[in-house]
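Please go over the structures that come below.
Two complexes come next, and they have one chain in common, subunit A, joined by subunit B in the first and subunit C in the second.
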Partner chain A sequence: MDLRRPNRPVIGPKVRQVGFVTPDSAAATSSSSIPAVSAAAATSAGSPPSSLSPVMIPPPRHPSTEMSNPHFHPVGSYNPSEQILGSPPALSPSRSSRFDADGSDFGGDDDESVALSGVGGGMTPKSSLLMRQPVTKTAPLVSETHKRDSNVSKGKGDGPSAAPKEKLTKAERRATQEAQRAAKAAAKEAAAAGGAPSVSKQPKPATKPATQQKKDVPSGSGPLQPLAPSGSIEKKQGKKEVAAPHPRMQFDDMTKVGKLKKRAVVNQSEARNRVELFRHLPQYEHGTQLPDLELKFFQLDLIHPSVYQVGLQFLSDKISGGNARCIAMLLAFKEVIQDYTTPPEKTLTRDLGAKVGSCVSFLIECRPLSVSMGNAIRFLKNRISSLPHNLSDKEAKSRLQSDIDRFINEKIIIASKAIVEHGVSKIRDGDVLLTYGSPSVVESIFAYAHGIKKNFRVVVVDSRPKHEGQGLLRRLVERGIHCTYTHLNAVSYVMHEVTRVFLGASSVLSNGTVYSRVGTACVAMVAHAFRVPVLVCCEAYKFHERVQLDSICSNELGDPDAISKVSGRKNLNYLDGWAQNENIQLLNLKYDATPSDYVSVLVTEQGMLPPTSVPVIIREYGIERLWT
Partner chain B sequence: MDPPMDFQVVVLAGGTSDKLSPLVSKELPKALLPVANKPLLSYPLELLEASNLKNIIVVVEGDEAATQVESWLSVAYMDRLNVEVVKTPGDVGTVGAIRAVAPFLISTDILIVSGDLVSDTSPGAIAATHRRHGAAVTALFCPAPVSGGADSSTSGGKDKAKKPSRCNIVGLDPTRQFLLHVVSGAKVEKDIHIQKRIVRAVGQMEIRSDFMDAHVYAFKRTVLLDVLEKENLYSIKQDVLPYLVRTQLRSEISAKKENSADESSNGATKELPSEDININSAVPSNQNLRWLSQHREIAPSSYQEIHISDCDMNKSRPAKKTHKCCIYLSGKTQYCARLNSVQAFGDINRDMLGEASRITGYTFSAQNNVVHPTVVQGAKTTAGGQCIIAEGTILGDKCSVKRSVIGRHCRIGSNVKIVNSIVMNHITIEDNCTIQGSVISSNVQIQERASLKDCQVGAGYVITAGSEYKSEPLTKK
Partner chain C sequence: MPDVSDFILKLQRRRIEGSHATARQTAELLRSVVSQTRMPYTNQAASLLDAVRAVGEQLIAANPVELAVGNIVRRVLHIIREEDLSSSAVSFEGLMISEKSDDEDDADQKGGPVLSAAAVAAAARSTLRPRSLQTLLEDGPLPAAPSKSSSAGDSEGKSKSDKSAVGKRLKHSVIEAINLLIEEIDDCYEDISEQAVEHIHQNEVILTLGRSKTVKEFLYAAKQKNRSFRVFVAEGAPRYQGHVLAKELIQKGLETTVITDSAIFAMISRVNMVIVGAHAIMANGGVIAPVGMNMLALAAQRHAVPFVVVAGSHKLCPLYPHNPEVLLNELKSPSDLIDFGEFSDCMDFGAHGGAPLMHVVNPTFDYVPPNLVSLFITDTGGHNAAHMYKLIADYYSADDLVIKRKSTSSN
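Showing the complex of A and B:
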């Protein structure tokens, strides 16, 4: 990360980093030659230049699923080596020639598959041929050295474009192998085993030409990779997931989704036309969930009424915002604890923990948890499990309730007051302050600064579809603060006059990445380009030890209809009935990740810190260390 | 046993309604009036049972009616529902009925269902909406019945002319979640007076007159009990609901309540006056005050003080005591009707045979009718589509039954035509009678060659041979 900072232009590559960087690219940038080489390869292969080359999906595959339908293979999968991995004996020259034939046949289908992908662009027949050839040639040379491998394949190369291709694979081999390992590790961590395979099963998922090439290249290095470990890793992953579904489950695995559905309380029908890159995120048909859940109101005896109420409010977006949701949840849990009686022959610590767990899973069905809620739940479960066994029910309950009260009070209310005090110190007379969306803490800072007669002006930047900024604007104007309201599109224009940018955050991760309302990264980046300091205000209980480099792995998808419909413009109906059209996929992301490069300072209740200090805060003041 | 989801259910079964004479009498209270051969009260009870609401309080007007309802309930729902019958003296109104059961009410919210509701709108949905908004009251409104079909079109016209009382003027916010204005029944005047304050708070109000109050309300118990303390309230629909709606921005009801009532008022404090519901109800909660306020609905009082002081410090306008009145609109596909007139009785019976047959729970045969296996049919007798004929009925030769309901143990002679009619139990119809569009109560005897059209015949009446009646209510003197 540090290496990149000086030599990279400010705007270009960093834009990419915000949206589309996966762990691979981190590895890829470590040997900086790779992107250039792959770009050259892409251009030589006759496909569009690889401006999107960093888009890389970690390619863990299930050999079993690949093997199950070999006929599908030449068409759908862009990494024939995977099959080769599974069946080395088949790698005779005759087989390879058949492969070529398949490739040329496949050329006809290729257009179709690209059209189905819906993202545009595609692999030309030529490129697909080229991609396949090195694989078939390298395959017989598994036992040989790199040098000979490349030599032989060069000799056999049937076109001028094949030779550079071969060089490329050699050059990339190590890096991509590393990348692949890193990706696998990441995938393992995120329980992503199911992620790619379903992608590769269908002919559709030709997301972007660059993606395909990238995918192909690592798979080209497949034969050199030891086989057994990767297989065993995948097996392990499978077992793990069967045992306990990971909180960050991958939603493109049909079997797992099916299992989840059986248990689900909320009626969740999978949304159609999900954007390929975000298939691993949960997304359901909106509009049917709320009525269905309401119908079942009296049928769900197991869920406490207050949890149910909070769930309904989450589902209908009546409560939103990290702090609000967290407090609502905790107060609901407080009532659950209040009404709880330990059943006979069970212990409170265990049974209550399970009960809270079931409440949490209901809330997750209503809306995925925010990091702040996750932390709060962890705190609560921690407190439950650490209760001494000799306590009576009454004592235990009152202790837990006071714990929750303290959490809300100290970690949220007092913390936000402390943040306000810190934040106000950074407001000078004559400042023009910009904020995005409607962060609650930032609003308190503005209100307080106005209260102590600071003279400043506020620019509220807003965006569709939620228009949260309008509420903020109204309240600020009510207080008599001079405001400007604009939309995200105009942020580069208003940034000229801005002297400070105050942003809120849903979470701050341990590498300093700020995970916040979608659009925040854009504002921060523009501010950075204009050399305007960016202050991110965030309570420390929202910090998380996770590392996230992009906004793809973990995000939340909103209702696509929210962006397809423009309120007040009835004639803008071009997207009506989009769900029927396979070629349209609407993406309504809720969060994005702002790299720490763009954040000047984090304002927390512990003071103002550089984003690099997040791990320290987590270590010293983390949830686990609370009152222990 | 705890009430599920902290909801208690009160069914107001009524007594012997004047509006339904001559069908209803002392022997047959309104609750037991057969609709598609099932007592009327079984419809709301089964609706509630389907929603897993098994502890039900039924309020019946009048001693005799109460005894009858109770004995019927004990037989029909003995092992299924836990029903408690409470009797009130006649003519106390719905508010009086609620006053009678007030000591039994313990849960946070109360669901009040009219006993004459025939619907498949889930009470759970209403309750959930109520909870979601933390409202003081949530009312179910359904599209007012537009009398459709050839036969009922004439009566429909008549309906509108003679019963403006059934249409309400309803004011809704643009999202159709909040009830901003309601004038019901007889109080509808030429001019509609709308409070400026509410319009200002909301920005935009939608006024409809094609919604009908289905008389299903979810009340916050504290609010309800508060309202009950007031004098001169008689009907929930005409007095309580308009009162709550009218005062939603300057609520007095919960002012003196301690915690729980305070929650509702404070929760609403931020909701209505801050034009949240109006301009963009899509804009969710935003400010910290707002999020704190959201929780106030479930927050303990210790937090409230902090938050209220917060609000007062920051808010330019003083915090007002308010409460929320919400509305649940039943969908177009759902059936919802109230049996509160003779006309409605006929309409609902027809609907049970036709479009809303799913509610009855009968399985219709291939001929689209329900004929009990014990029914004896004579030669060349036809039971057409949309018919229900209950057990023990004997039909003579060459009879024709179309779009009608025939009750238990009727004896029907030869060559009788019954079209579009409701024939209750133990009725004797002799040969060559024609009955069209009529309602015939139990134990009526119709002698031969009589002809009835659009008549309502009270129980035990005897129609002499060869007589003809048109559009008359006939009762035993």
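Showing the complex of A and C:
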């Protein structure tokens, strides 16, 4: 019996490169083999041979390098304006520190500039145009904000001297403090002068009445303040935003559950033998609602058929995966908007918002929303409520529809393209890459890496009950990628040969916890134990300001019958008729929370970040920040 | 011997499942081997050892992953050595008495006769163990006693009848001892589960993976003592033995929750103790266990949940593991994981230069390093992982670690 593993044809003797990769070779391979990057590399050809360094070290920040780097922060509405103003970040201390933390990954070094511009170059022209848009949008604002001109000028005055932090003398510090104090006073004055003037830096402030504005702010959708040079307004704004995320529905609260049931469209019967620990989560008998709902299809006028269809697809698990669900939902909403006509004596902003709300609650009944969907809905509602009143229905609808398209395009499709380019830079020849389940972004990373003739092998780890990895395995093998397939329990057996772990995420929470398909935490843990780097690929629109420490407080329960039945194993019928015995419960968790210390790096379209930078991304590039 | 070849075939074809069954059947086989061995007049112990070793070597080769076989072979070898020494100690005692009668007046010899046969036997037994500080101190008074006895037994020509009597006694006592060993293997569940109440208290939440009879009995015993607790059972893909265990547990009225293996990390934060069975315990305290156990142990360590391994002493293996994930593992058929019909086109060997693009890995065992194990509960009580080697020294003699037939010259 041959106990030794057979020699793999693809991967030669495993020599792990430890620490930094020699820059020259990496640069040579990356720039020559990635066509998209090569264009970008050409632009920076003047600079000495640089590379996509595997570890991005924050270089010392100098305003000059930042200025000289035109591609700095491809997405983001206010950073360019900061450059326009020329006010150094040291002026707004809270901002700058946060900015520093997240900017560490983009820092103005040559290496990083190549990395970033590579991403920019990879984008379609349309996208890059879109991304630039904020610059043009914010530029005129500078002139608009005459109220704070004094502050700005003060900031300008202090700027150059205050910029290098370490050289701050006492006098200078006092000067900045005074400036801030003055700014605060000015802000107060301004606040006293007009209803909510400090917030009036929206693109169309004139068209918007004050009441609308006031309503906007507490909902946490306050527009971003690109210019705020003083800490005070920022702080004020911050307070409102920092308001804790809305507590989720707890299903062990009987009164609330009763209320919910009255409204419910989907008749769900409570599952029996529920696990005590998860009473706060909804759990229903699976498979009972579908025929019932299909019957109702013609009776429901409240819910648009396309939403109805998507809801049923969610219910029957025809559509799964964060991105797919989100896109399906948004497209359905687009149709809802298309077919919408404002009833008489109602305003579009309010009525459409309510309509979308009822659609969303229908979808929630079908399957609890994912964080990505929640963010998308928040974006859409925000857009609806911020529509100017004087728009005609047609205009408003087309504007909303283009907003949705833009969201799908920028936040999901282009974002995943950017992630692919980032992720591919971490794949070297001879790597053995492990992935778990079937994350769509990771799949496209592998496909792209294979397309540019990188030589690597993939280990697909799968688990019960959905066996999503089999689909991934099939697709990868069809592309001609060498694959090893195994189940989750054997992950510590295969981990010896693995050099990188690529994982997907359903969402990333603000404490760095990665909330993902159940089992991801196990894989990350084993990888951590075997000192294998874990890369979590996740679009930034899946970030959420919520925090979570374990997988129990918030989760989703799947069909328990999926556990008792093992597909393809007819003789495994020990648990048949389990529902009759009250001592046994079957628990089919859908998600788990991976602690942030297992995650080596988060690959997002904003770059590669440590999980500690998630709150920065959420605050600075949050979903409601971008197009408000 | 037909028995042996039959058993070897069974081992080779993996027809015998579980280390308990294997251990028991190995012991029974060796008992019959011992009883069928013809005893020569001289050097009987050596011939017995040789016979057992010859069979043992084949058995181990038949299934090198099933460490229980080797353990039992070594146990039997150890028994033979022990019985040989104690029987020769009896004759040594007789020798001493005769000596005493020879020179009664010698004052220096006064200490000698005081030694009872039991003490001599104990001393002889201690020579089977590897030398340690403790045995060194114990051995102090009579360092040369056993060697003297054996040499005395050999050199002093005894009568034929006496020797055959000793031979019969040896064989008989070896068989007796093997019977005791079988009994011990059978009783290990009771001995282990007796300790359950000490470890499981009211309202605990216990997590286990797969199915182990030892764990089942352990939980039963705690339940019988009217402890009410909750058990999470991870199903243990790809064999899904957890389903069997769950079914058995609910029959006894235990509150059981079946979870998928992937939910282990999610659930372990609410678990008070992890109790699992093992396939084998290595000399360093590492555990060879059903696949998935390392993941569970890591999760337990992360959440500081005690990771308790319950195992009978027949699972104690005197070997130190080297690369156990590979060398002490067994890869099963991929059909457990994927449907061949579905993936037949991907497994085409002809398409890509003879090597298929797809491999399926389905290992059976996992190695849990000793630092992840909080406690071992064996039939002799609870033990620390670092103490395992000492426990093993009680059961095996150092000469038997490598089971190879000696060359005929030394025979």
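A few notes on this one:
FYI, the second predicted complex is superposed on the first by the 381 of 628 C-alpha atoms of A that agree within 3 Å, B and C clash if a C-alpha of one lies under 4 Å from a C-alpha of the other, contacts with A are read in each partner's own complex, and residues count from 1 in each chain.
In this section, a residue touches a chain if its C-beta (ideal position, glycine included) is under 8 Å from a C-beta of that chain, and two chains touch if they have at least 3 such contacts.
Since we're looking at a predicted model, the values are computed, not measured.
Steric overlap between subunit B and subunit C is absent once the structures are superposed on subunit A; the two fit side by side. Look at A:V526: by the touch rule set out above, it reaches subunit C but stays clear of subunit B. Of the two partner chains placed by superposition, only subunit B is touched by A:E443; subunit C is not.
With both structures placed on the common chain, the touch criterion links A:S398 to neither subunit B nor subunit C. When both complexes are overlaid on chain A, the residue A:P465 reaches subunit B and subunit C alike. By the document's definition of touching, of the two partners only subunit B reaches A:I413; subunit C does not. Looking at the shared chain after the overlay, A:S551 reaches subunit C, while subunit B stays out of its contact range. In the superposition on chain A, A:T612 makes contact with neither subunit B nor subunit C. Once the two complexes are overlaid on the shared chain, A:Q309 sits against subunit B while remaining clear of subunit C.
Once both structures are overlaid on their shared chain A, subunit B and subunit C have a minimum Cα-Cα separation of 5 Å. Common to the subunit B and subunit C contact sets on subunit A are residues 465, 470, 474, 478.
In the complex of the two chains, the subunit C residues touching subunit A come out as 64, 235-238, 240, 243-244, 246-247, 249-250, 253-267, 269-270, 291-292, 294-295, 298-299, 302, 325-327, 329, 334, 337-339, 342-343, 346, 352-353, 355, 357-363, 366.
Those residues of subunit B that touch subunit A in the shared complex are 4-7, 51-53, 108, 122-125, 127-129, 131-134, 274-276, 279-280, 282-288, 290-292, 294-295, 298-300, 302-303, 306, 314, 316.
Looking at the complex, you find that subunit A touches subunit C at residues 1, 3-5, 9, 275, 277, 462-465, 470, 473-474, 477-478, 480-494, 496, 518-519, 521-522, 525-526, 529, 550-552, 555, 563-564, 566, 568-569, 572, 574-575, 581, 583-589, 591-593, 595.
Put simply, subunit A touches subunit B in their complex at residues 291, 293-301, 305-306, 308-310, 312-313, 316-321, 323-324, 327-328, 331-332, 334-335, 405, 408, 413, 416, 438, 440-441, 443-444, 447, 465-468, 470-472, 474-475, 478-479, 567.
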